[in-house]
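One structure follows; several queries about it will come next.
Here the chain labels run A, B, C and D in written order, and each chain numbers its own residues starting at 1.
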């Protein structure tokens, strides 16, 4: 049990313990709460960096804790989990800064930041989980700790939205539970490091059962990965405050679903078993339907956050499609899109939050001339929107390119056509927003910003940072430490050199 | 292996009974009754500590009281099953006692709430003796090693429970107490008749001897039927559940906590003991399917009622009906799988329910005292006013739901995996899907809590210890969920 | 109709009658009486089965019946106390409990 | 000077490369000149309102994209530059923020997005990891070539994909328009050369390219003659000029090797065309401002005449250098000779028509500030048209052949024939010359389409609440069902609670258990 093995639980605890402390802080202790929040976020980033160094030098830290006979939690850090942990830790710090400013003067902030930290701990737990059971444990905890954030405002509408959210995610949780239990019953504990070894032993005796289990697992994950027809909760949950929609519905919650699908296809079943069982074609089919459906629905939404939500539904299924195509390039594209989409989408939600918080603008039709009033926010929005469309050199282009190349290397030309078509649809619902914001005269006089900047610096800095990141990640995709190179390493690990 | 800090397991029953007599004689004088309570709790803690240490060390054992022989004397038997229930019962009792003390001695609610008018409520003089009597009775239930002793313990616990429900003083409480009385009595008589038949057939009532002598024939089946029917009525399995919601809703909060958490759990434990352990040989699986089906309907029935009732405590009471149904749907899995995991799964589920339900009832008690009533439609937004009670209720609800990290999840996980190994799919689906129904009524209350609303008139600050003990129990569900591994590992 | 069968049979009949009374009669006091009838029936059954025709009857059932009687007496006491309190609060509630 | 130099940039996207061979060096120089003059002119003519910083920001971005694409050494970097300049042109076109300019900008954007999508598909189809891939791509299938043609054709103004050009050039401020018309259009042709569109392995016969090129040339001229707006005429002249480049590339390159001489000749042609078109647009800008109306007539005719006649290929002009270079490089292909003559004649006619529309009184555009200051850049552009091509070292051999007397005489044929025909035609058709000035059918179609889409969207959004009711009414009926079920359970529960039922149920349980056991 070298010190490195203690890193994963330390990373988990670095947001869990402060979170529990924040729960019991009285509302008035604003500075202590902010200090705790920021300190735990930075601590987690540092710990992740140390973990990255350990893994880079070939270390395989693994930590286990027995809960009951035949039922223990295991955390470990392989390349894929590190990618997701880094993304979560980084974006959590940015979102915490944003949330502190966004919720200035709002009631119940201790409760908010308490659950906020629990959510991130659950996401980190999901990322670092070493076997399917630990993944399930943190997956469910994420569902439960997200609910209070979605209904934070306590209005009737947000509670209705919270209700819908629960119905979807809890039923998904039950499906995942039964699937995991069934697989464990058949094949014993399902470890991710085995890369599908557990399933290979069973593929001859129980092909039918394995297909059913795959359906159960992916159905449970599809709820969070917002795949049609179980995506309904995501647009509804947009009623949550902006930092919640930014971190949870663009990064943590939906990414947990997509990450889960990657784990199930590549680490639980393994590519060979999954293709033999013929389940990947179904997955690809659902992903394609979602990509096109999400974009079409986004076209007709006038509410900005709902349009972004449907865009998330569509963009997330790129990852599922990449996973389903099962070729090294497609996997690289899928994994790198996990990071890129997170960066771009969180920028969009930050900007949407700025608009609604500073100007009270929630609908696209009200955004005429907003570019004049909030230039920097809209510039960040433009960079992220163009990235989502796939224009080089922003991040979205890189992942779309690799997904397209991956589709061709497995002979599925149609997937490339879907990607190009989806790119056009993205343009169709993003560019009008830019046109309205920049090229139409403002219809009403915006409230003048008090300070020198268009809004408080803590609301403005996060979107700019994430927009710059998505630009940097796109332009310098060739650099060794870029997510693309990291995804390439993961693909090589899965498919062999 | 008696360490310095342990006591013989006999004290578990002797101390509460003695305490009950002592508090009765002291007529609830303030300083003295607290001392007796403390002494009893201390004795129970030492005994439980000794019991757990011994069971971990050398496995199941029996203790003769007053060293008389088997047929005439009373024996306490302790094995892994009863140790688990007793170990968990201790914290529940301590927390409930603290809350009871808090409610008894904090200032009365000014508003004249018809349901919860405090004037005719329990006074220390009448409450503590019955409370300790119930404590002794429950402990005796988990320790008895022969059938007649079980009958006496059942009656003891039942009567103490009835009396405690009646101490609430208001008319609905009295009616509910009587209904509870008659149901309890009918069950006991049926159980006694079963005992008679068993004695007639096997000339002994000691469970140990019966386990080896049991075989499948006509008179044993009738005896098992009578024993079983009595216990199922006492455990409030659907459709004989009607007495439970009224009694548990009308009783003072700590009483309903103990009734739901432990007193209802004992008959379930006994059915598990008699049907699956002692008379395992004589038990055809079709019975368990029948009982499991009743349990499944009970889940749906209890949850549907819980979604409609207006009062918080009746909601929690109907949740007990649903959870008891859940336990009985797990019986076929335990029988079919027969594996150690399945048994521990059921034990975790039962124990988890005990702690979670106790924390929910105590939280409800706190909220009722703070608001002066527990009508849900007039408590909107209590999350902001009583955060600790809300977290207690929420965390307890999560354990019932089987959210990972709590002991509820460990139970459901072990049951699901062992169930699926023997292809008991319908029961596993019932156990897993019941979480959705539980979620429905738990989140009905949490939504009311989170809703931002102006503070209703007449709310008063709550004694801190009430909220903290409810919250402590809720945290216990997580502690058990995360930490029970090392304790359970060595047990068979 | 040797005595071996008579007493247990009587016990069962008393038990059945008691249960019927408990369930069907709305009056609370009748219910208490029915409960006592059931208890006596059960005791009779217990003792009847214990007697195996020889001179020396088995002492254990008798011991149990003694305890059974004590239990039913105390139960009746509790029930009557509650009924008394209830009648003070709701006089005509005693006759027609559902 | 023919050495090629490549610069590696492994960090850029998937390992970018920059290529400095004679082609890209020449084009780089001409692009810098054109953009420089355009920027200078823009600085002088654009009013200093709040749109100015944004305009210059995008001005720089488009220039950056243009430069990257020009010196790109691998397909991905080329696509980076191409997409960047494509997308950032929208704000330049939509500078005026009026309804018509926004419509033209939207039309341009739609064409550009579809083009880029096709090009992206083509590049991905023929890309092989690792690294950015190499020039030329192995376009091993006919439909691949079509994808590339579609992608680049939008910018190169291939007939059918050119409809956005006239409206866009009319809407864009003149300075930006000169850069767009001058520099960005040659990037598309450079793309076709780099990506090896005309190489034989695409399976497209060289006759097809020639046909396409000729069609473009003639179509451009014919359409140009019917338009009365100077910008529209220049737009169609670009279409025809690019037609010429495509014809030459198609005819010569499919002859096996990618002939370096042909590429250099085409580059010269592109440089010449860029400078001339840029200068003309600056001139038209001044006409719009009414500046030229105040200058002496000789200066106006000279300033506009030189680039116009250069385009037609008059001897001693950059056009003649380019045209002789093309003829000399393609002397093996016999039918190209007459084609070049005909194309010069046609271009001459178009240019004379252009001069006539410019001289005629045209309504002044709103931008009137800094009138006099804009003459400087325009004059510089005219000088660049005269000298730049001759002075460029790589074009010296072509310059020498162009200055040989017999080539000079030969170059005279085309323009003179064109002038004669034009004089004959205009005399007889004096009346009907004023063609329709309104937007082309494509623009009208696009406008109708967007109007109908916005109408439908508006109606959909009003009906949405009704539509939304459907799911909630379905949800409400679901909730009613649940409520009824709970209600039923509630009433049953009261009944179940009664003693009579409890007793009977108890008995049933007893019997069931005993029977089952």
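The working rule: a residue touches a chain if its C-beta (ideal position, glycine included) is under 8 Å from a C-beta of that chain, and two chains touch if they have at least 3 such contacts.
None of these values were measured; they are calculated from a predicted model.
Novice: Could you name all chains that are in contact with subunit A and with subunit D at the same time?
Specialist: B
Novice: Tell me which of C-D and A-B has more C-beta pairs in contact.
Specialist: A-B
Novice: Which chain's C-alpha centroid is most distant from that of subunit D?
Specialist: C
Novice: Report the most central chain, judged by the distance from each chain's C-alpha mean to the global C-alpha mean.
Specialist: Here the chain at the core of the arrangement is A.
Novice: Averaging only over C-alpha atoms, locate the centres of subunit C and subunit D and give their separation in whole Å.
Specialist: About 102 Å separates the centre of subunit C from that of subunit D.
Novice: State, to the nearest whole Å, the distance from the C-alpha centre of subunit A to the C-alpha centre of subunit B.
Specialist: Measuring from centre to centre gives 42 Å for this pair.
Novice: Hey, how far is the Cα centre of subunit B from the one of subunit D, in Å?
Specialist: Distance between chain centres: 78 Å.
Novice: Using mean CA coordinates as chain centres, what's the gap between subunit B and subunit C in Å?
Specialist: Computed value for the inter-centroid distance: 28 Å.
Novice: Can you list the residues of subunit A that touch 2 or more other chains?
Specialist: Nothing qualifies.
Novice: Where does subunit B touch two or more other chains at once, residue-wise?
Specialist: In subunit B, 179, 182, 186 touch at least two other chains.
Novice: Hunt down the residues of subunit C that sit against at least two other chains at once, touch-wise.
Specialist: Correct list: 19, 22, 97.
Novice: Pairwise, which chains touch?
Specialist: Pairs flagged as touching, ordered by label: A-B, A-D, B-C, B-D, C-D.
Novice: Where on subunit D is subunit C touching in the complex?
Specialist: Spelled out, the residues of subunit D in touch with subunit C are 497-500, 502-504, 506-507.
Novice: Can you name the residues of subunit A that touch subunit B in the complex?
Specialist: Listed in rising order, the residues are 23, 65-72, 107-108, 111, 133, 136-138, 140-141, 144, 147-148, 151, 153-156, 159, 162-163, 166, 170-171, 173-174, 177-178, 181-182, 184-186.
Novice: Would you pull the subunit B residues touching subunit A in the complex into a rising list?
Specialist: 340-341, 344, 348, 381, 384, 387, 391, 398, 403-405, 409-410, 412-414, 416-421, 428-429, 432-433, 435-436, 439, 443, 447, 450-452, 481-482, 484-486, 488-489
Novice: Which residues of subunit A touch subunit D once you look at their complex with the stated criterion?
Specialist: It comes out as residues 300, 302, 329, 372, 386, 390-393, 397-398, 400-401, 404-405, 408, 416-417, 420, 423-424, 427, 431, 435, 438-441, 474-479, 484.
Novice: Give every residue of subunit D touching subunit B within the complex, in rising order.
Specialist: Residues of subunit D touching subunit B: 482, 485-487, 489-490, 493, 496-499, 501-503, 505-506, 509-510, 512-514, 516-517.
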